[in-house]
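What follows is a set of structures to go through.
You will see two complexes here that share subunit A, one where it goes with subunit B and one where it goes with subunit C.
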Partner chain A sequence: MISRTGLGGEMFRKKNARRLPEKSYETVEKGINDIFEKAKKSSDFLTITPLESNLSLQISYYKTLIDPNTLQKSVLPFLKERAAEIIKLTDLKNIIPIEGIKFINDPIEVDKALHEGSLVIYFKEKKDEFALIDLSYPRLGQRETNDTQNEFSVIGPKVGFIEDLSTNLHLIRAHLSTSDLLFEEMIVGSRTRTKVVVAYLDGVTNPQYVNTAKQRLQELDVDASFDNTELEQMISDHARTPFPMYITTERVDRVVFGLIQGQVVLVSDKSSYAVIGPATLMEFFSNPEDFYLGTITASFFKLIRVVGMLFSVFATAFYVAILTFHYEVVPKDLLGPIIFSRANVPFPPVIEVLFLEVTIDLLREAGARLPTKIGQTLGIVGAIVIGQATVEAALTSTILLIIVALAALSSFTTPIYKMSNAIRILRYPFILLAAVWGGLGIYVGLLLLIGHLARLKSLGVPFLLPLYPYRRGGATASFLRPTYLTYSKRPWYLRPLSLKRYSPVPDKDPEEGLDNE
Partner chain B sequence: MMNSTVKENKMVSPYFLFFLMHSVQSGVLVLNFQTKIIGGAGHNAWFSVLAVGVFMHVIFLMMLYILKHSSAGDILSFHREVFGKVLGGMLNFILAIYFSIASLFPLYTYIDILQIWVFDGIASWEFSLLFSVAILYVVAGGFRVITAIAFWGVIIPSFMLFSIFYLFNYVEFSYLQPFFKHGLKDHFISAKEAAPMFAGFEAILIYFPFIKNKEKSQKWGHLGLLYTTFLYTLIALMSFLFFSAGKLEQLTWPTLTMIKIIQFPFLERFEFIFIFTWLLVIMPVICIYLWSAIRCIKFTIPRIKPTYLLICLVAIFHFVNSELLDIEYYRILEDIIIYSGLSFLFGYVPLIFLISVVRNKLGKSS
Partner chain C sequence: MNKSKKKCVLLLLLICMVVLFGCTRTKIIDKISIVHVFGFDQADNGELVGSALFPDYTKSKDGDQIQSLEEQAPTSSLVVSKMAAHTSTPVEIAKIRVLLFGKSYAESGIGDMVKRLMMTPQLGTHIQIAVSTHSAKETLNTFKKEKSLTLTERILHNMQGQTLPNMNLHVFLNHFYGEGLDAYVPMLTIDKKGTVIVEGIGVFKDDKFKLHLNPKQTALFSFIKDNRPITTFEIDPEDKKHQRDIIIVKSNRSKKKWDWNQEKEELHLHLQLAVSLTQYPDRYNVDNPEDIRKIKEMIVGKIEKGIEDLLATLKEKEVDPIGIGNIVRSKDKTWEEESFYKQYPTLPIHVDVNLEILHSGLEG
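Right after this comes the complex of A and B.
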C-alpha cells in the first residue's frame, strides 16, 4: 500500500528522456561528404593523398588520436612500395601488414571509427566503400605508475587501476586465470562514447545482478560519462541518500575479491575506479588488508573501524546534548574539568561544536585541493595553529577540541572514501537535533537513520544485509574477520550460483594431544 | 477493490514475526504496571502476569484459526465475507479507530514521561512535531521499513536488560513471602490489570498477509509472546524484590524509579539513557498500529490515497499531543485504551473465532 520506490538515477534513464534520433543519410556519398565537411573544421583532422601514381587514393584521420609511428612505419611505406597493386580497396589487405582491416560502407560507422583512432582509406571518386585501420593509441597521455593513490595498505599488493580500460582489464584478467571470468562491453554517453565493461564470474555471480546492471547501463541516456564514480550514481537505486550504493575502489585485489565473492564489477575507460555491486553497508568497513593480517589482529582492526565510525557520528552530538540539556548525567568529578575548560567560552555548545566541525571540514577540503607539496605542511600547521589559537582565544574548550579531533580521525579509518564522506556529513544533522532536543534528538536521528538504511537497496539487494534482514554467519563476518576455515563459503545473502569457494583444510597440529597420552 | 494478495517483494521472513509480535506488545504500560497490579495479589502478582501471558497463547491460536479461514489471510476480508460489504466495512472502520487510538496512546504518554523526567523547558508541541516527522518517514516507507524499526527496536534496547544485574545488588527476597497469602480472586484482579499491557499482537490480524511462509511463522509468533511474558514477569518480579509494598503503591513510574539507582563512574542518571532508548521501544508500537489503521481504511475505501491518510492521522496526533494536555485527557485515553484492548482480546476475538468455527462447520457440511 504505502510505498515509495527509490527515485534513484531515474532522471537519467531513457524512459524519462527522449533520445535524439539516430542520424541517417540518403546516400553513402552524401553522408560521408557531410561527415568529412564537419570534421575538416577541426584543425587536427587530416586528409592526405599518399601516392603520386594514384591520386584518387586518400587517407583521412584525426592526427590527435592515432599512433604516428605506426602510420609512418607500417602503413605508408608499404602503400608506396606496392602502389601499383592497388586496384580495388580490398587489395589493401594484402599490402598493409596490420591485422583487422575492416571494409564497410556505412558513413555512421566511419564516423565512429574515426573517433576511435582509425585511418579511413578510400578512393576519392568512389566513396561507397571504406577501409578502416585501427591505429588507436590508448596509452597516450596515461600515467606510468599504477600505485594506489587513496586506498593504502601497509602490507599486501599496492597495485591500483589507472585511467585506461585495457590496462585495468589486463590487471583483472591476469589475477583470475579462469575462463569463467567474463567481460561484457557496453557504450555509455552519446558524446563521450565511454566503454564500460561489466565483469563477473560465470556460474558464480547471480545473473540477476548482471542483468540489472546491464539493463541500467543500457537505459542510461547521458551525453557524457566522466568517471566510474559518477556512473555509479546514475545506475544507483537511490539518488537521495548520503550513502554510496556501490563500492568504488582503485585496488585490484578488492575487485578480484568482489568477483570471487559473486559480485558484479564495472570498469570503464578513462576511470581509475572500479565499481563493485551489490554492496552492503558493512562491506564498506572491510579492507583487503584484513585478509593479509591474522584473524584476531584483523578482527580487532575491523572492530576499531566500526567503533570509529560510530564515534565519529555520535561523539560531538552527545557533547552538545549533554552540555546543553543533560549535564546531570556527567558525574561530579568529571563535571569539574568540563566546567573549567568551558568557563571562558562565550557560546552555547552547539555554536562551539559547529565552529570546530566546520573548521575540520575546511581543513579536509583544503587539504584535498591544495597542491601536494604545500598541502601537507599547510594542513598540519593550520590544524595546530588553529586548534591552539581557538582555545587560547576562548572560542572553544580543550575537551571539545580533543573530541572533534578524535572524531575526525575516526572518520578517516573507513577504507572507502565515499563512505567516509557520508559519515562526515551524517554528524551535522545529529548535532543540530542534539542542540534542539538533546539526547532525544539523537535517538530520533538514529531512528530516522535506521528507517533510511532499511529502505536502501543496492542492485535490488537490501543495503543493511546481513544485519537486517538478519543472516546468521554473515552478521558475525561483518564485524569480525572469520578464519579461513569458516570463510570457505561465499556469503549466501549475495545469492551466488555456487556457495563453495574451497574446501578448508582444518589446521591440525601434528603434535596436538600428545600431552594427554 | 484493493488487491488482496501481497507482492512477494513486500513480504518479510517468518522470523520477523517474533520481533513484530514482541515489539508491539512492549509499550509504555511496562513502565507503570507494577503499581496497578499490586492492588490485587500484592507481591505475588507476578504470578498473575505469568498466567495472563500463558493465556495469551490461547488467544493467539484463535487468531491464527480466524486468519487461516479467511480468503485473504486477514480479518478485513473476513469481516467483508461474513458481515457483508456495509457492516463489514463499518467493523473495519471501528478497527481503524481502535488502532489509531492505540497508536496515539504510547506517544502521548511518552511525551508526558519526557517532560516529567528529562526536560521541563521544552513544550509538548515541539516534541510532537519531532515525533510526527519521524513517524511520517517510517510509516511512509511501508511494511518492510516498519519491520526494520521493530527489529532494531527489540535488538538495540535489549542492552538495558543488563541493568538487572546491577539491580540485583539491591533485592530483598523476604518481600515475596508469604507465597500463598492471596486467593484466586486477588490474582484475578491483578490479572485484569496486567492484561492490557499484553495487548498489541492483535495487529497480526492485519499484517499477517505480509509474512512469508505462514505455517513456519506461527512458531515465531508463539516465541514472541513467550519472550514478552518472560520479560514482564521478570520486571514484575524485580520490582517486587526491589520495592516494599507501601513504597510501590506511591510510585507513578516504578520501572524508571528502579532504574534511577544505576550509576557508572562515567555516567550518572542512567535513567536518561533508559528513557531515550525507550523511544526505540515505543516507536514500533506507534508505527505498526498506525500502519494497521491505515490499511483498515484503505481496504474499506480503496479510493483514498494512503499517503494523505497518513498525513491526516499524524496531523490529528500532533493536535492531540500539543493541545489536549490536561491530565484528564490522559485518564480518558488510558481508560479507552485499556477497556477497548481488553474487550477486543477477550471479547471480540473469541466471538469472531466462534463465528469462524461455525461458518467452517456449515461450509463443510453443505
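Right after this comes the complex of A and C.
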C-alpha cells in the first residue's frame, strides 16, 4: 500500500508496520556524574589530569577506542606547552591542531561521543561544558585485504567491501564521480548504534524506494544490528520466505551498477556486505562479469545459470517421480543402467535421494564451518570416499550419485550466496511431493512456488518483475545479456526518474559510404 | 476472508488432494516386470494365447536376461492378470513397443483386440503393430534367443531407410476405422537361419488378414504411400543370363497426383519419382543423355508395370491399403462406401510415372 508520511514522498509501508516509532531506547535523563561513574567501572575508561596546575583540566576517554599516537603527539604536548593560555574551554580551539573540536553541554551527547572514540576535555569544577576531540581509530582491527572472496570473478575488478563504513563509502564515491550520488546516514540499534548509509543517485532513483528504505530503517526497533545481511531481513516485506528479498553483495562494481540502474543501496558500519534493493528474481542470476564478457558468451553463461537453477531444484525430484511412478518415460536403453544400478539398493527412491541430498548438505555445511585447510581435505573425503562407498555399500545407485552431484554443482552457479542457499533448500519439498504424488506432485509444488513468488515484494516492487507482471522488453534482458546498443536505457519497470543512461553509438560501419565520395 | 476460514479452506484442499490422487500404487522401477514385446495367438479352443518378453535388468544392465511369459485366457485383459501369477513383480505393459499377432489369429479377425487397445490408456499410439507368418509365440521365442529386445528398431529402421511404408498404431487405427481405407502392417517371419526378419507388409480387409505383399511389391507400395520413401528397388534384366545387367535405384521422394474421371469412372495416378541410380550396366554411359533416356524408359516401364500388377492384386483381393476409396471420396461428393467397393475390383486405374534421375554413380 502506498501512503504519504512526513518524509515527504510516497512509499510502500510494510504490512502491519507500526505507525509511530515507539523505540525502546534508554532515554532516561542522566547527569554527567552518573555517566562518568558508570564508565569508570570499566577498566579501559581513563580520566587523566594532564596539567599540574590549578586549572584542573581533565581528559576522559576510552583508551580502547582512540588513537593513542594522536593523543601523545597532537594533543598532550600542545596542552602542556601552552597551558598558560587556557582560561576558557574554547581556548582549546587555538591550542590543539586538530579539526572539528566541538563544544557541547548535553551530557547525553558526551556519552555518545565517548563511545565513538572522542576525548572529552572539561574542567573538574565546572562540569557543564565539554570539549570533544574526535580521535577515533576506525581502521583499528580491520583487515588489510579487501578481495572479493565470496563473489569471485575471473576478469573485472576484484575490490570488495570491508567491515569499515568509511572505506566502503570511499570505494563507492571514488567509483561514481557525480554529485548526484547522495549518502544519507541513519543510526540503527539501541546498543550497537550502527551507522547505516542509504545511498542513491539523486534524479535517477525513484524517491519512493529511498523513502521506503529510510522509513523502514527508522521504524526498526532492535538492540543490535550485526551485519547488513541481517538488516536486510529486518526491513524485508516477508519474513517467511526462503528467498532473499534484496541482493547482498560484497562487490563494489555490483553496487555501482545498482546505483546506476536506479536502485537504493544500503551500506552499514561493521559489515562487508552492501544491500541492493528493490531486487527482482532474475537479477540474482546475473553477475557483474556478464558485462565484462561479450554479449554472446555472457548470454550463454547467464542461461547456464538459469538452467542450473532449474536443474538443481528439479533434477532429483524428477528422479524420484520417474523411478517411483513413471517408468514408461525412461528411454528403453536407459532402463537397463538405471535398474541395474538400483538393483541392490534396499530403499525406495525417495529415501535413497534424501540420504544422498542430506549427505551433500552435511558436507557443504561442514565445509563452510571448518578451517580452510581441513575444509579442503573434507571435500575430497566427502566427494570420493563417501560417494564411492555409498554406492559400493548399495545405499544409493551410481546414476543417482551423478544426478545429485550435478544438482549440487549447478546450485553453486548462482552468484548470490543467499539465493543459492534458497535454491538448495527448495528441492526438499519437491522431492517429498514427488515421492507422494509423482509428476503431479512436482506440478503442484511448482504451482505453489510460483504462487509464493508472485506475492513477494522487494521494497514494494513485485519480485517476479518483469516476468510477472509481464513487462515487455524486460524479459529478454532477464535471461540474456543485451548488447550495449540496446541496453542504453534503465529498466523502465523499476520506474527510475530518468530512463536514459547513455546514447549508444549506432551499430554501423564507420567507413561505410566513404568509398562513394 | 478471515484467517481461520482461510486455514479451513487450505486444509480441505489438502485433504481433497491426498484423497483424490493419493491412491496411486507406486511402481518402483526395479520392482516391476516391464514387458517390451507382446504377442497374441489363437488357441485351438478359440481362447487367446498371450506371450510376452521382458528383460531382467537387475541381473544384467544390457538386457540380455530375457524372460518370457505365456498364458491362455478367454480375453486379452485376463491374459496380463494371469501372467502376474508367474512373476515375482507386477507385470507392467506401458512400455510395450511392439504388438505382434500370429497370422492365424489375424486371419480370424482382430477387431476385439483393436477395440481393447484403444481402451488401454497405458499403451502409446506410437508403438508398432505387426503380424508374423509363424505364430506370435514361436516368433517371440525365436527372437528371445537373440538376447536383445530390439524388435521395434528392426521394424522402424526398415520404415525409415528401407522398403517398408511408415506405420504405427496411430496410423493403423486411422486405416482400421477410416472409410475407404484398409489397414496394413509390417510382416515378420523367421528365416532359415532362425532369425526374425522383416518381410513385406500384410494387408487387412476389415479386421481380417487378407494379403501378404512380398518385399518387391512393398517397395512399389511405399512409392505410392509415402512422401519420402527411401527405398531400394531393383529392376531385373530381361535376359536372365546377364545377371550383372541389373539396375538398382534408390528413391528419394515421390509426388502423387490422383485424377478421378467422374464420367468414365476411372482413376489416373501421376507419380513423380526422384531416384538415384545405384547400379547400372556398364554398357550405358550416364554422361550421355541418350543412354539416360534409355535407362529411364526401362525403369519407368518396369515401375509402371509393377504398380499396375500391384493394383491388380489388391483389386483382386478386394483390399484397399492405399486408400483409393478415400481418394475418390475426396473428389466425388456422391461417394458411398458400399457401392464403391462393389465396383472396386473392376475399377480402371491408369498409372503414369514421371522419373527424375538425381545423380548416379557413387552410392550416396
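Quick note on the criterion: the second predicted complex is superposed on the first by the 477 of 517 C-alpha atoms of A that agree within 3 Å, B and C clash if a C-alpha of one lies under 4 Å from a C-alpha of the other, contacts with A are read in each partner's own complex, and residues count from 1 in each chain.
By definition in this document, a contact is a pair of C-beta atoms (placed from the backbone, for glycine too) under 8 Å apart; a residue touches a chain by one contact, two chains touch by 3 or more.
Everything quoted here is computed from the prediction, not taken from an experiment.
Taken together through their common subunit A, the two structures put subunit B and subunit C in a clash.
Touched residues of subunit A were counted for both subunit B and subunit C, and B has more of them. After overlaying the two complexes on the shared chain, residue contacts for A:Ile338 are found with subunit C alone; subunit B is out of touch.
After overlaying the two complexes on the shared chain, residue contacts for A:Thr324 are found with subunit C alone; subunit B is out of touch. Contact with neither subunit B nor subunit C is seen for A:His175 once the two complexes are overlaid on the shared chain. Within the superposed three-chain model, A:Arg216 lies out of touch with both subunit B and subunit C [touch as defined at top].
When the shared chain is aligned, subunit C comes close enough to touch A:Pro349, but subunit B does not. In the superposition on chain A, A:Leu464 makes contact with subunit B only, not with subunit C. After overlaying the two complexes on the shared chain, residue contacts for A:Lys195 are found with neither subunit B nor subunit C. Look at A:Ile442: by the touch rule set out above, it reaches subunit B but stays clear of subunit C.
Of all the stretches 44-52, 116-124, 152-160 or 350-358 given for subunit B, the clashing one with respect to subunit C is 116-124. Residues 325, 328, 330, 332, 436-438, 440, 444 of subunit A lie at the contact with subunit B in one complex and at the contact with subunit C in the other. Partner subunit A is touched in their complex by these residues of subunit B: 2, 10, 12-13, 15-16, 114, 118-119, 122, 126-127, 130-131, 133-134, 137-142, 144-145, 147-149, 151-152, 263-269, 272-273, 276-277, 279-280, 283, 291, 294-295, 298, 306-307, 310.
Residues 17, 21-22, 24, 26-30, 32, 34, 36, 55, 57-63, 92, 94-95, 97, 122, 149 of subunit C touch subunit A in their complex. Those residues of subunit A lying in contact with subunit B across their complex are 1-4, 325-326, 328-332, 334, 436-444, 446-448, 450-455, 464, 468-470.
Listed in rising order, the residues of subunit A touching subunit C in the complex are 322-325, 327-328, 330, 332, 335-343, 345, 348-349, 436-438, 440, 444.
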